[in-house]
Amino acid sequence: MKTRSPFAPLLLFAFLTLLLLPVLVLLIWSVARSWPWPSLLPAAYSAAEWKSLFSASSRLVPVLLQSVLLAGGVTLLSLAASVPAAKALGLLSFPGKSVVEMLVLAPVIVPPLSYAPGMHLLFLRLGIADSFAGVLLAHLVPCLPYGIRILTNVFRALGDRLEMQARVLGASPAQAFLHVTLPLIAPGMASAGGLLFIVSLSQYLLTFFLGGGRIVTLSMVLLPLVKDGERAAAAVWSTLFIAVSLLFCLLMERAAKRCASSRDTFFLS
Amino acid sequence: MTFRSTIRTKCCMLLIFALFFAAAPRLFASDWGAVLDASRGTIVNFYGWGGDPNVNAWLDTFVAPRLKERYGIVLNRVGMGIGEVLNKLLSEKAAEKTDGVIDVVWINGENFFAARRNDLLFGPFTQALPNFREFVDAAAGDVAFDFGFPTEGYESPYGKAQLVFFRDTERLKEAPGGHEELLEAAKKHPGTITYPAPPDFTGSAFVRTVVCDIVGREALVSLPADKEALRKAVAPAMEFLVALKPYLWMRGESYPASSSQIKNMFADGEIVLGMSYTPFLAPGRIAAGEFPESTESFVFEKGTVGNTHFLAIPFNASNASGAMVVINEILTPEAQASKYDPAVWGDLPVLEYARLSSEERALFESVDTGKGTVPLDFMLRRRVPELPANFIPILDEIWRETVLK
Amino acid sequence: MKSALRAYLLLTPALLVLGALFLGGFAPSLLQSFGYFPAVGMTEPTLSFYREVFGGREFLPSLLFSLRIAFLSSAGAVVFGTLLALLLLRTGRGEKIEGALAAIPVIVPHTVAVLLVLNLLARTGLLARLLFASGFISSPDGMPSLVFDRGGLGVIAVYLWKGIPFAAVVVYVVLRNMNTRLWESATVLGASRFQAFRYVVLPLLLPSLSSTFVLLFGFSFGAFEAPFLIGPTFPRALPVAAYSAYIHPDPTFRPYSMVMVVVITFIAMLLVYLYSFFLAGEERAS
Amino acid sequence: MANLELRNISKSFSSKRRNAPETVLSHVSLAVPDGKIFCLLGPSGIGKSTLLKIVCGLLVPEEGDVLFDGESVLRVPVERRGAVLVFQDASLFPHLTVEENIAFGLKMRGASRGEQRQVAAEMLSLVEMEECARKLPGEISGGQKQRVALARALAVRPRILLLDEPFSSLDARLRRSMRAFMRALQRKTGITTLLVTHDWEEALQDSDILGLLFDGKLLQTGAPEDVFSNPVSPRAADFFGVRNYFDVEVRDGTLSSPFGSAPADAPDGRYLGMLRPDQIALLPDAGGAGSVLSAEYGGERIFYDIVPSFSANGCGWSRFRVAASLEGRLREGEKVSMSARCDTIRLFPAESDRREPRETESSYEQDLQ
C-alpha cells in the first residue's frame, strides 16, 4: 500500500493544515489588539491580554489551582474505582454483565444535561452542593466510563495468567496485585489518567451546576468569554487551557514510559 | 421532598419574613454598627452577569479594594447569568438549603418579579442602608418600581441604564429617528444591521423600544399580562419587525445571541449600527481603539426604554450583613461617580442630585462623558419607562413565535 | 458463583458512583417532566407537559436540527476520518502523526473549538478575509453564513474539527492492525484498489466505523456548548432549548425543560444500546 | 496457463535502522515451463515472499523483468496480471463466507451471480469442502482454510499460481495430506505453479524443478534429485540437513581422505570433502577413528553423533552425523570406525564458506528456518 504519489502527501498536508491552522490563528488572536476587517493580520499587537492574565483580577492562580486540583483529584478517584471494575469486566464473567457494561458506558453518550439538574438537587440535600467535594463527585460520572473502558482493555490484553502464576509462587492476592498486576497495568493507568484529567477539565455544565459559581475552573472562565465575544481574552485563556492539558498529558506519557521501562527491568531482574 | 416539609418550610419563611417586616427598620437603623462588626473579615459572594469586562474590572479593581480597606470584606465576584442564579436559588429552596453561597445578586425586571413571586429574596433591607436613606429618593418611580413592579425594599438601586444606538457616521450618514427611518436605513445598507435575539437583555429592550415607538407605552401598561391580549396589542410592532427582517444581517435568519456580539461585529465593521443598554458604551470603546472614531450614539425621537438595575440579597444568603455593607458601599457618591465614567463603565448614577453636597456633585461633574455620546439630559428626556415586568417574557415569546419563525 | 460475587464486589465502587449519581441525577428530571415538582407546589403527575412540548412549535424543529447536526457531523467525521487514516497509511507518516492527531481533539475542548471556528468561519473571519483579499467577495455580507446559520454549519464545523482526527485515529489503528495480506489477496484475485477497499477493507472497518459514528452522534446530539455558542437563534438545538427553558425565571416552566431532557436522555440511551452492540461486534472482529 | 520467466530480478528495501538499503534479491533469473511446479527452497526471510510478490505485481522490481509466455507483464497491474498468490495464513476475508471468499475474484470481474455460484460450487467440490460453503472463515479449521484459499485462487483461473509456504502453519500430519492434495490438484489443473518453502523434504517431493535461494541469490536450479545429490557448494548441500565435512587432498589424480583413497579427476590441491549422513557406515572398533557421542532414535534410522579423531587438523567438522540402520545398535562412548565409498565423496574448494553445526541437529534446522 505504500506507493509513492505526490497527491497523497499533498492531501495529507492539506488535511493537517485545516486541522492545525485554527490553533495558530488562536495564538495570533491572543496578541491582537485590533484586527479590523479586512486585514489578514492584526493592525496592532499588544501583550495586554497576557499581562492581564497575570494580574490579580484575572484570578489566574486560584483558577489554575482549582482546575488542576479538581481534575487531578477526579483522575485519582476515577482510577481507583476503575481498576477493580475494569478487572471484573475484563477478566470475570458474571450474570448481568451486559447490563453493567451498558451502565458503565452510558455516561459517555448521555449528556450531563440529563443528570446535572437532578444531581444538584441531590447534592443540595446532602449538603455538598457548591463545594469542591460535590463537583469532584459529579465529575466522576463522565470520567469513570473512560477509565473503566481503557483499563478493561488493558486487563483483557493482560489476562490473569501472570497473577495466577504469582499466586502459585506463594503471593497473597494483595501481593500478587501489588507486585505483578499493578506494575503491568501502570502504563495503561497513566495514559487513562491523561484522558480523565482532560475530560474533567473540559466539563462546563457539571461544574457550573454543581459548583454554583464557586468552583471556577478554566472551562468556567472560558465559556462566558467565548459567549460574550471577548476574543483576545478567550484566545489567551484557551491557550492556557491547551497548555495545561498538554503538560499533564506529557507528564502522564513520561510516567507511562517510566512505568514501562521499570516493568522491563522487573522482568529482567 | 414531602408535602409536610414543604408546609413547614413555608411557615418558617413566613415567620422569618414577618419578623423582618416588623423589626427590620428599627433593628438596622440603630444597629448599622453591629452589621459592620458582623461583616468584618467575611467574604461576600457577588453574583451577576459577567459578560462586560469593564463592569467586572470596576468591581474587582474599584469596589473590592475599597471594601477590603474600609470594612475588611473580601468581595468574590462570580459571573453568572441571572436566569442561572434564580434557578440555583430555586433548587436550593426546594432542597431547604439555608446556608446559600450567593450573598448579593444583580437583578431587575422580570427576574426580580419571578424572584419575588417565589420568595427567593431577603428583605426588605434598603431602609437599613445609611447611604440609601441619605442619597436615594425611595419614592421615585424608578426606585420604588422595577418594570412596574413595586420593589418594597427588596432591592437597592445599582445604576440606571437606557437603550442607546450607535452608528458609524462614515457609513450610516443619517441617524434613524424612529422605526420607519430604521427600516429605510436597513434597506439602504442590507445585511449590516441587526439586534440581539431576545431574551438577551439588550435585544429584548430593543424589541420593547420598537413596540413603544409604534404602539406607544400607554396603550400597553393597562393590559393584563395575558399572551393573547398582548399579541393583539403589539401586532403592528411585530409586523414591522417581520418587514425589517429581510434587510437584516443574515436576512434575519439568525440573530446575535448577545449584545457583546453586537459590539464585536460593530468593531469588525460587519454592522454599521449597534445598540447597547450601557449608554456610554461607545466613548469607552472609541477610547480603547476598538470602535472607529466616527462612531456616534443616538436615541429615537420618541425615546428608548430605560430602567434601573438593582442589587438584592437571596433569602438564604449566608452573609446578609456583609451583603448589605457591599450594597451600601455601592451607593456612595464615590462609587456611583466612578462607574459613571465611560472609560470605567458608563453606568448612570442612581443618587438624588439634590441630596448631594457640592463636593459630591463635583465628583459627577468632573466625569468626562467622552466622544460620540448623547448628552445626558437629552437622553433622559427621551427615556421611556420599562413595560411591566411580567410582560417581558411574554413579549420575548411572541417575538420568537412571530418574528423568528 | 464465587467469581460472580467477586465481580460484584470489584464493581461496587464504580456502580455506587454511577448508580447513585447518574441514575439518581436523572430521576428528579424524570419526575419533574411529569409535573411532579413539590418545591413549587406541583404534586399532581400529569402528561400535559409532554403534550404541550410535543405540540409546541419549536420542539420538532429543535429535535430535527439536533438530529441533523449530529448526523451530518458524525457522518462527515467518519468519512473524512477514514480518508485521513488511509492517507496516513499510504504516505507512511502515520506513526509520527498519529499521537499528535489523537491528542488534538482530546485536549481542545468544545468551547475552544467554537472559538477556532468563529475565528475562521465567521463573516469577518479569516476565511472571509482571504476571500476578500482574493476578490471573491466585496464585503462581509457577501460571505455565506457559516456560523449562527440555520443549517448549523458552524456547529457541524466544530464537531468535524474534533471528530475527524478522532475517527482517523480509530480507523488508522484498525487499518494498521489489519492483515495487509487481505488487501493484497484481494488485488491478486483481481480487485482494483477501489474494489479491494469497498469489498474487503470497508466491511472489516464497519464495526469500528459504526461504533465511532454512534459515539460521535451521541456527543454531538447531547452536547450543549457548541450550539449554545454558535447555533442559530432558531431552531435551537434540543439541549440549548432545554437549557433555556431550565433557566426561565419562572420555575413552573421547569417541567418543559425536563421533558426535553428526558427526550434527549431517551435518544442517548438508544445510542448507548447501539454503541454497545457495535462495540461487541468490534471486539468479536478483533 | 503459461510459462513463467524471471530475468535478472533485483530488489532492495530501504531499512530504517541501517541507512544502506537492504538487498533482498539480486539478479535472480528462473524459468518455469507451462504446467510445472517450481519450488523455491530457502531459509525464511523476505527474499522468497518478495519474489512471489514481484511475480504477481504487488511489488515492482528495481531491475529485471517478469515474463508470462515470453511477454513482459511488469506494466500489467496486479489485479489484471492473472498470477494469484496464496499466503501462508490463507488470508481469507473474515467477513465473507467460504462460498463468497471463493467467488470474490469473479465478483471483482463483474461475473454474474449465477456464474459466481456455479464456479464456487465447482471449486468447493474440487477441494472437497461442499459442506462448508456457508461457513465463515472463523468457523473452519486451518487445513480447510488453506483449501479454501487454494480454491479461491483457482476460481479466477489464474495463469500462474503462487504459493507462499502455504502449509507451514499446519501440523505435520495435516501438512502431509495437504501437500498430497495440492500436488494432485496441480496435476489435475495443470497450472504453472511457483511454490516457496523452507522445508527441504517438501521441496524435494513436490517440485518438478527446484531452486535454492540464499541471501537474495539463486544458488542452484535443477531437477530435485540432481540438486540433492550434486550440490554446487556446501551452502547448497546444507539446505538438505546436516552434512559431514573433512579435509581431502588430491595429488596426481588420487584423492586421499580420512575414509581412504580413490582416483579423482580433480586438479591437485586441498579440498573440502563432504558426505551425507547416510553415506557413512559405522562398525564397532576398539581402535577406530571415532567414538559415539550420542545416539538419537529417529524411527526408521538411528542418528549417531560421532567425534572423529582426525578433526584436529583444523579443516573438518569436530563432529560427524551418521545415519545407520536399527540393527547392531551402538552404545554411547563406544569406539567406532567410519567407512565410506570414497568415490561418493563430493569435493568443494577448501576455502568454501561453511558453518560448524551447533550442538544438535534440531537447533541447526531451526537456524535454517
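By letter and in written order, the chains are A, B, C and D; residue numbering begins at 1 in each of them.
One rule holds in what follows: a contact is a pair of C-beta atoms (placed from the backbone, for glycine too) under 8 Å apart; a residue touches a chain by one contact, two chains touch by 3 or more.
Note that this is a predicted model, so its numbers are computed, not measured.
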item	value
Most distant chain from subunit D, judged by the mean position of its C-alpha atoms	B
Inter-chain centre distance, subunit B versus subunit C - centres from mean C-alpha coordinates, in Å	37
Centre-to-centre distance between subunit D and subunit A (centres being mean Cα positions), rounded to whole Å	55
Separation of subunit A from subunit B, taking each centre as the mean of its C-alpha atoms, in whole Å	38
Whole-Å gap between the CA centroids of subunit B and subunit D	90
In subunit A, residues with contacts to at least two other chains	37, 117, 121, 227, 231
Residues of subunit B touching at least two other chains	84, 91, 94-95, 257, 268-270
Set of subunit C residues in contact with two or more other chains	124, 140, 229, 246
Listing of all chain pairs that touch each other, if any do	A-B, A-C, B-C, C-D
In the complex with subunit C, residue positions of subunit A that touch it	1-3, 8-9, 11-12, 15-16, 19-23, 25-26, 29, 37-40, 80-82, 84-85, 87-89, 92-95, 97-98, 100-119, 121-122, 137-138, 140-141, 144, 148, 195, 198, 201-202, 204-205, 219, 222-223, 226-227, 231, 234-235, 238, 241-242, 245-246, 249
Residues on subunit B engaged by subunit A in the complex (per definition of touch)	45, 47, 50-53, 56-57, 60-61, 78-80, 84, 88, 91-92, 94-97, 101-102, 257-258, 260-261, 263-264, 267-270, 289-290
Interface residues, subunit A side, partner subunit B - complex	33-34, 36-37, 44, 57, 117, 120-121, 124-125, 127, 129-130, 208, 212-214, 216, 224, 227-231, 233
Complex interface listing, subunit C residues touching subunit B	37-41, 43, 57-58, 123-124, 140-141, 145, 148-150, 229, 232-234, 244, 246-251, 254
Touching residues (chain side subunit B, partner subunit C) in the complex	1-3, 6, 81-84, 86-87, 90-91, 93-95, 110-111, 113-115, 117-118, 190-192, 197, 199, 249-250, 253-257, 265, 268-270, 393, 400-401, 404-405
